Each structure stands twice: as structure tokens, then as C-alpha cells.
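Some structures are shown below for you to check.
What follows is subunit A paired twice: with subunit B in the first complex and subunit C in the second.
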Partner chain A sequence: MLQVNDIIHLAVTGLAQGCAYGLIALGFVLIYKATEVVNFAHGEFMMLGAFAVLAWSEFLGGSFWPAFVLGCLSIGVVGYLIDAQIMRRIIGQSSASIFIMTVAFGFIFRSLAGMIWGWKTLFLSTPFGGKIEIADGLSIGVDRVAIIVATVLLCGVLYLFFSRTRYGIAMQAASQNQLAAYYMGIPVKRLVSITWAIGAMIAAAAGALLAPITMVDTTIGFLGIKALAGAIVGGFGSIPGALLGCLLIGIVEPFADYFVPEIKGVSAYIVMLVVLFIRPQGLISQTFEKKV
Partner chain B sequence: MQILFKTRYEDDIGFLVKTGEKVRVGMVLAFLFAAPLFLQTYYLSELSLLLVYAIAGIGLMILTGYTGQVSFGHAAFLGIGAYCHAILISHGVPFTVSVVATMILCGLVGMALGRSASKMHGFYLAIATLAFLILVETLLGEWVSMTNGYAGFAVPGMKILGASLGKAWQQYYVNLFFILLVIVGAANLFRSPTGRAFLAVRDSELSARSLGVNVEWVKIQSFGVSAAITGLAGVLLAHQLSYLSPEVFGVLESLKLMLMIVVGGLGSILGAVFGAILISVLPIVISFLKDVLPPAVGQQPGLEPLLFGVIIVLFIVLEPLGIYGRWMKIRYFFETFPYYRKSSFVRQKSYLKTERLR
Partner chain C sequence: MTTPLLELRNIETFYGPIMAIRGVSLQVFEGEIVCVLGANGAGKTTLLKTATGALNSSKGQVLLQGKEIQNRDPDWVARQGIAHVPEGREVFPLLTVEENLMMGAYSRRDKEAVRADFDAVYSYFPPLRDLRGRLAAYLSGGQQQMLAIGRGYMSKPRLLLLDEPSLGLSPTLVQDIFHIITRLNKEEGLTILLVEQNANVALQVSQRGYVMEVGGMVMDGASDDLLKSDDIKEFYLGKKEAGIRGKRRWKKRKTWR
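For the complex of A and B:
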């Protein structure tokens, strides 16, 4: 039978895992809000980020933080170029083509990463070793605490960016109505590319922070699908909704794996299907019926 | 340029209107019927696999290309069809009964999925179908008593009305029969009110609703038809593979189907066939490239997905209408010979289509 301690332990693990999903989902939601493109390659941005940080830290001789910043920036450049060179050309095509396009990017990134860095699992040394004792017999890894802190921190920074800065408000305007934003003289194209860059940078940061838990190899991008499921549970259009959904998925998962081990790994999708069945727009809806 | 004079009622309802079309289709049919005479067994079984994928592609095309509902989960119907048929015939059910039962089962599952999906749209639907696929794959793997799990399931040989049809050329003709049936059926569907309603829902749900189309029911119908046809492809695939395991019907298979119809050309039956040809020819080209390229590049394990990805990206950016669109342009060039202009197929300026208001 489950002890209270076990329940708390599972819940804490789930919370940390949920925050990790949330960190990945942040980038998804940003890009979706700005361009209505669901970036299926987001998990691969994360994977590339982890590899980039690894490569930079090898280049710089093992120091983590400069490598972290440089790695995130380089993936940001990749994100910017992806939008400016390719995604911009296919605006207005059917959503099926756009989905397939981002999935294809995923394939390309994974193959390229494998070709450059090899297909073996690598290890990224981070300053987040050790464990923190919360109560007796209950401890949590510093790496997981770092993820929770980073998620909260990034949410705060993004909130301030979108509500206080000139660029942030312009991005909000562009995401609400692109054409109207053009008429107001907002450089929508550049803003959209910058949004892609920010999304990619968040993904890269997530990849580097998750590296102690997931290790670094070409398959960690699949975590992105679960983050996507979490974001959908909450409602894709809003950042708080997506975070809520990710936390929910993260907390449900360890319990489901504990009680029903047959469905290990797929419980997130069951939760998502159930939620979508009851509320087709997710828990916090962002779509409205058009009035004629 | 050919000018058409319609002198009989049959001219008006015929599938193939122009002489050129009739000649081309006749040539393709003649080739397909005569293929077993001159093709080696290996190429013949590749060709019959191509026919199976073309059927699956048409199934997905009805849903995604004609009704506008994106599904990343169609490999699930392929899997359900293959397993259901294999289990039925291994219990001694005759082929004909089993095919019909499998198609009905797939159709019903598809309608159930469509019922829950009729409220969703866009990528919510795409992800929901993806999750459905993952669940079906897990189910096929975990339900050991029925499917023999990950150990695999051997499919009994094909027997129709007592006659054993195990040879490659016999299976080929069975596949050919079914694909002709599906193509004629699909072409007819889109001349009927039901099919027209599919198109209306794809182009604008709002205007379809204003015209009195029951949008939810149309989506359910579309899912049902599409799933039944994909299930049929699953049946034929089971005989083609002769050994089933759940991994075959995974996310990659679904993406392959999606790639087929997007690269082939969304919104045309011919596009699905072109897509099937492409994905059958591509592995041959890639294995050829592996020999030609320097070993440092050619022997990399990631080369195949990389080329797949690059081809998709190039097609979507440079030729959004797919292979079918390119074929249409070439045909138009010859049909209207001196009059073809570069601007003949220039698209309108396109803007972001929002899904938040619908």
C-alpha cells in the first residue's frame, strides 16, 4: 500500500517533471501565439540546444554558464533563420502542409545532429549535482529544483517582456491580428522571426537544464510530444493554461505508472484524449465562434 | 487545344472526357495488367506494395485532402485492419467475409474517432489522432492473447473462394482489383452530394453550415469512409508482409502516409497515387545514392531521414501543389501550347489564416 511519504515523493517528482514539460511547452506556445504554427520540431530545437551547449563547453574548456548562454544564442539564430528563410514563404498554405513541414525539420535536425555529434549518448556536466533534503527520507535533486526555478523565472521574465516592453506589446498586437498590426507600422515579419528565435532559445535552455536527467542524445526530442500533449490539455493559446496542463500531465504520470504499469509512457496521451473529449479546446479555451 | 463537343448524355457523365486522358489511362491500365508478364518477382511485389500504399493514400486523401481534417493517426487504421483481418482468417473466416467485416470495423472505429474529433479542429485534431495512434500501437503490443504482442503474428496465406492465391502475381491482381474499385468509388463519391459536402466543409465550415450542411455529421462520415478504405489497405498489407508486428504501424508509418499525400498533391486522387510512387521509388534512389556518394556521407545512418526531410521541405516551399500540381502544369503547357505563360498558375497573395476565429 502507498505510504504518505511515497505519495509526496511521487507528487514532487511529478511536479518537477511537469515543470520540465512546461519549460518546453513555453516555446511551443510562444511560437503558436505569434504565428499559429505548431512547431513539431520544437523537441528537436531542445535536442540541438543540449548539443550546442555541450559543444560550446568543450570548446571553452568546461565552463557551464558561458557555454549555456552561447549555446542558447546559437540555437536562437537557427530559429530566426528557419522563420526568415523558410516558414515565411509558406504562410497561408493548408495546415497539413505546415505540420508536415515542421515534422520534416525534426527529421533533418535529428539526422544532422547524429551526423555531427554521433548517435551515442553523451553526458553534459552541469553545476546542478547533489540532492536537497526536504524532510527525513524525502529528497529532491538539485537538477530538478533548477528546472522548477528556471520555469518560474522564465515565466516572470516573459510576462514582464510582453506587458512592459515596446517589442513585447508589438508582438502581442501582431499575434492578435497580423494585418492590422501591419497597418499600424509594426514590422510583423521581423517580429515573427524574433519570436521564433526566442522560442528556440527557450527550448535550448530547456534542453541544457534537462540534460542531467535525460542525458544528451538524438532521441530526447521526443519529450517534445509529451510537452505538446500537456500544452493541449491546458489550452494551447495561453501560457498559464499550457503550464497548468503540463503540471497536470507531469503529476498524473508517476501515479499512473505506479498503479497501472501496463500503460507506462502513454498515460499522458490518455489524459489528453479524455480532456479533449470533454473540452475540445483544452481547459482554458482561446478560440471563439465567428459571428456573422 | 482540344475543343469538346458533347453530343451524348454519356459524354457529360463520363470520368474521362478528353481523348488524351483516355489514351493515357488506357496505357497505364494496359501496363498494369500486363506487368506480371515481364516483371521479375521482386519488382512485381514492390509494385503490388505500391498499390497497397496508394489505397491507403486515397483513404487519407479523402479525409485530409478533401475534407480538410488532418490526421496523423492513419497508420492505426492500417494496423487495426491488418490485425483484425489476420485474426479473423486464422480463425477460419473466409476472405470475402473477413474483408467486409474488417472494413466495417475500421469504419466504425473511424466514425467513433470522428465523433469525438468533430468538435476539434486544426492541430488539436492532429495531436488527438497522433495520441490515438500511440494508444492503438500500445494496445496491439499489450493484448498478447489476441495479437501475440511484440513477438509478431503470422498471417495465413490468401484464399479466396477456396482458391489459394499465394503467388506474387496472384496477390498483385487482387491488389489491382481493389485499387481500381477504390479509385472508381472515390471518384464517384466526389460527384455525389455527400462528397460535395466534404469539399464544402474543407473550404469553409462556416459557409457550409450556412448552406445547410450538417458539419459534424459530414466529418463523421468522412472519418468513417477514410478509415474503411485505409482498413482495406491494411488487409492487403497484411498479406503483403505476411508477418505483422505492432512497430510496423507506428508514428513513422503515419508520417509516411501524410508525406505521400502532401508531396503527391493535396486534394486529388491522382496525387495519392503519385505520392505512393514517390515513396516506393525513393528508397531505391537513396540506396543508389549511398553507393555514389563518398563513404563519409553515404554510409551515415541518418542519411535516409535527412533526405526524406529535405525532399518534403523543398516540395512544400517550391511546389505547394505537389507532384500533381507539377503534372497539371506540364499538361497545361502542352494542351495550350503557345499560350502558356509563367503567370498561368500564380497563386494569390496569401495571408495568415487564423484558427482562433472560426
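For the complex of A and C:
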């Protein structure tokens, strides 16, 4: 039978996993709110992030933190350029073309990563090895705690950025009413590219933090689809909703795997279906009617 | 002769295959309130959008103090000193009143003056002061219109474009808003280009007016003269002369078509 210790262990594992999904989903939602594009290649930013941190770490001779910062920044630059050079040109085309475009980016990124770093599973050494002993017979991996702490920190920083700084508020404004933002003299195009950069950087951070658990190979980006499911559960377009939805999916997963191992890997989508049946708008939906 | 602050020369704008603006010219001089009248679909909003770069013109020029600004990005045009208050308010619904105003001042660097302008907006539109922390989505239509105009004012523009500020407001509120528009013009020397369906109010506050129909200018002149014109009276002010009952008025119409 399941002991209390096991329950706590599964819950923390799920929480950490949910946080990782949440970090990826943040990028999905930010980009969606800014441009109404669902970036199906977002999981690949996470995968590229893990590889980039690995590459910088090798280049710098094994020091994790500088490699982490440089890796995330590199992927931020990639995100910025994807928008500024490519997405900006096809905005306004049919949503089907844009959808295929982002899916294609996913394939391109996976192939590129394979060509550069190979198709084998690699190991990224992080300072998050070892376990924390909480009680007798109950220990939790430092890597999981690191993900949870990093998520809380990143969410705090992002919250302050979007609610307190002039840049952040302007990004909100541009996502709420793009034309009006243009009329205010806000450089909307540049802010949208910066939003892509921020989303990509958060995903890259998630990739590096997850590396001790998932290892690093070209397929880890598929986690992004579960993050997408989490964002949908939360009500697509709402950031708190996306985090909540991802945490829910993350926590359900290990328990579902434990009790019903036959559906391993599918539970995220079952949660999504159930939530959509009960609340089609998602857990937290943000819609306002326009007054005339 | 002085250079107009804003001049449109022979503008043509297409909406897809439809020519929405057919060779329109217009001038706004420093310190004026100029109005553009016209019915639904006459092309008034399209004209303003072309002036500020939200739509590209296929022909003609937009000149700001003699400098060509047509077909540039609207944020660039805004930074040149044209504030566009769009039709239907278009406030940022999930930002507070204060943040909305802050966005109006986005490209300004003079922090002290910006702070003074917040107070100026609150003194022109007293209700906004108490609603500072409220999300714009929760404001009434009139309050949103005040916010939209205040937001335009915050950019310290050389020219304020107002698109249909009376839309959906009660007659008293329309009077209030237009009173403030007049004050902005008199006290701040703000040049205003006003697009309106409500011809009566618009002609009362403006010095000159233009009349648009199906994408073209059909009349222009001093607002006082337009107010007296028979055609304007009948078609925009809804006044009928006594004794012409039964006679079909359009036969006497001389000024256009």
C-alpha cells in the first residue's frame, strides 16, 4: 500500500514536473497573447535550451551558472530572430499556414540539434545532484527542489516585470489592443519580438533545469505538448490559469502512473478532456465584453 | 501663406479591391478645430487611419508641417506628434486608468512634465481621478471616452485626431465632452481634427468643416456657413423648411452630385 512518505514523494515529483510544464506554458501563453500565434515549436526552445547550456558549459569548462545564463540568452536571441525575421512576415496569413509553419520549425530545430550535437542522449552536469533528507525514509532530489524554486522565482520576476515596468505594461497594452498600442507610439513590432525572446528564454531555463531528470536529447521538446495541454486546462490566454493547469497535470501524472500504469503518458490529456467537458473555457478564463 | 500642420493631398485608399477614399484633400492649420462630417461608410475613419499610417494609401501624400509621412508605421507617426483617438474608445481593458494614461505618454522622456500632465488630465476629466486604480474595462462608455481623449492628450501631441467622440453617449455627455474639446483647443492651443456624424455639435465647436460622401469630399467651408447651408440643414441636421412639404427636396439640391 501507499505510505504517507510515498504520497509526499509522488506529490513533490509531480509538483516539480508541473512547474517545468508551467515554465514552458508561460512562453506559449505570452506569445499567444501578444500575437495570437500558438507556437507549436515552443517545446523545441526548451530542448535547444538544454543543448545550449550543455554547449556553453563544455566551452566554459564545466561551470554551470555562467553556462545557464549564456544558454538561456542564446535561445532568447533565437526566439527574437524567429519573430523579427520570419513570423512578422507571415502574420496576417491564414492560421493554418501559421500553424504548419510553427510545426515545421519544430522539425527544423530537432534536426538542427541532431546535426550539431548528435542524436544520442547526453548528460548535463548540474549542481543539483544529491538528495535532501526531510524525514526518516523520505528524501527529495535537489534537482526537483531546484525546479520548484526556480519557477517561483521566475514567476515573481515576470510578474514584477509585467506589472511594474513601463516595458512590461506596454507589452500588456499591445496584447490587449494592438492598434491602440500603435497609436500610442509603442513600438509594437519590437515588443512582440522581445516577448518571443522572453518566452524562449523561460523555456530554455526549463530545459536546463529538467536536464538532470529527462537527460538531454532531441526528443525532450515533446514535453511542450503536455505544457500546451496544461495551458488549455487553465484557460488558454491566462497566465495564472496556465500555471495552475500545468501544476494540476503535473501532480496527477505520477499518481496516475502509479495506480494505472497502463495509461502511462496519457493522463495529461485525460485531465485536459475532463476539464474541458466540465469547464470548456478552462479553469481561469479572462474575457471582457467590450462596451460600446 | 503658412504651411498647414497637417495636409492630405489627393489621398486614395483601398480596402482590398474597394476604393474607400477617392482623391481626398484636406488641410488643418495650427490652432484650429477642423471637423469632417459624413454619414456611415463615407470614409471618415478610413481617412484618419490613412493619415496616421494604420492604412496605406495607394496615391497621394500626407504632410505633417510639409514633411511627407504617408505609409509609415503608425507608432512612428504617433511619435511625430499625432495622437489618434480611435473610434469606439479602444482603451486597454485590463490596464488601470492610470496605466492607460501612462501608455499615452509612452514615448516621452520628460518625467516631470508627464507627472504634471497626469494632473492636467484629471482636472479636465475629474471623474477619472477617482477611478485611477480601476480597470478600464469597468468604466462606463462616457468614462472610457474621457480616458481615450486623456490618453491621447498624454502624448503632448501637436495634433489630436478624434474619431467619433460622441459615439454611443447620452446628449448631456456629448455636450460635456465637446465642452472639454473646446477647452483643450482654447487653453492649450491644441490643434484638433474631429470626425463626426453628429454634425450639429461638430459644427458648433469647429472653425472649419469638410463634408464627405462615398469616399470623396463634397463640401468644405467655415463651420458657420456650413451650419447655414440648406443641404447641411436637411441632410445632417434634420431640419426641414416649412412649406416645402410634398416637394421633393433633392431636386433643389445644388451643391453636390
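One rule holds in what follows: the second predicted complex is superposed on the first by the 286 of 292 C-alpha atoms of A that agree within 3 Å, B and C clash if a C-alpha of one lies under 4 Å from a C-alpha of the other, contacts with A are read in each partner's own complex, and residues count from 1 in each chain.
Here, contacts are C-beta pairs under 8 Å (C-beta built on N, C-alpha and C of every residue); 3 or more make two chains touch, one makes a residue touch a chain.
Nothing here was measured: the structure is a model prediction, and the numbers come from that model.
Participant: Tell me the contact category for A:Ala16 with respect to subunit B and subunit C: first, second, both or neither.
Facilitator: Touch status of A:Ala16: no partner.
Participant: So, A:Ala170: does it touch subunit B (first), subunit C (second), both, or neither?
Facilitator: Only subunit C is touched by A:Ala170; subunit B is not.
Participant: Tell me which partner A:Val103 touches in the superposition: subunit B (first), subunit C (second), both or neither.
Facilitator: first
Participant: After lining up the shared chain so the two structures overlap, which partner does A:Pro187 touch, if you call subunit B first and subunit C second: first, second, both or neither?
Facilitator: A:Pro187 contacts subunit C only, not subunit B.
Participant: Contact-wise, after the overlay, does A:Leu179 reach subunit B, subunit C, both or neither (first, second, both, neither)?
Facilitator: Touch status of A:Leu179: both partners.
Participant: Identify which of subunit B and subunit C touches the larger number of residues of subunit A.
Facilitator: Comparing subunit B with subunit C, the partner touching more subunit A residues is B.
Participant: Touching A:Ala204, do we find subunit B (first), subunit C (second), both, or neither?
Facilitator: neither
Participant: Which subunit A residues are contacted by subunit C in one complex and by subunit B in the other?
Facilitator: On subunit A, the overlap between the subunit B and subunit C contacts is residues 179, 286, 288, 290, 292.
Participant: Which bits of subunit C are touching subunit A when the two form their complex?
Facilitator: Within the complex, subunit C touches subunit A at residues 52, 54, 73-75, 78-79, 83-86, 88-95, 99-100, 102-104, 106-107, 137, 139-141, 144, 151, 155, 167-168.
Participant: Sort out for me which residues of subunit A touch subunit C in the complex.
Facilitator: Residues of subunit A touching subunit C: 166, 169-170, 172-173, 176-177, 179-189, 286, 288, 290-292.
Participant: Which of the residues in subunit A come into contact with subunit B in the complex?
Facilitator: Touching subunit B: residues 35-36, 38, 86, 89-97, 99-101, 103-108, 110-112, 114-115, 119, 178-179, 225, 228-229, 232, 236-237, 262-263, 265-266, 269-270, 272-273, 276-277, 280-282, 286-290, 292 of subunit A.
Participant: Quick one: which bits of subunit B touch subunit A in the complex? Just the residue numbers, please.
Facilitator: Within the complex, subunit B contacts subunit A at residues 64, 68, 70, 72, 116, 119-120, 122-124, 126-128, 130-132, 134-135, 138, 142, 206, 210, 255, 258-259, 261-262, 266, 300-303, 305-306, 308-310, 312-313, 316-317, 320, 350-358.
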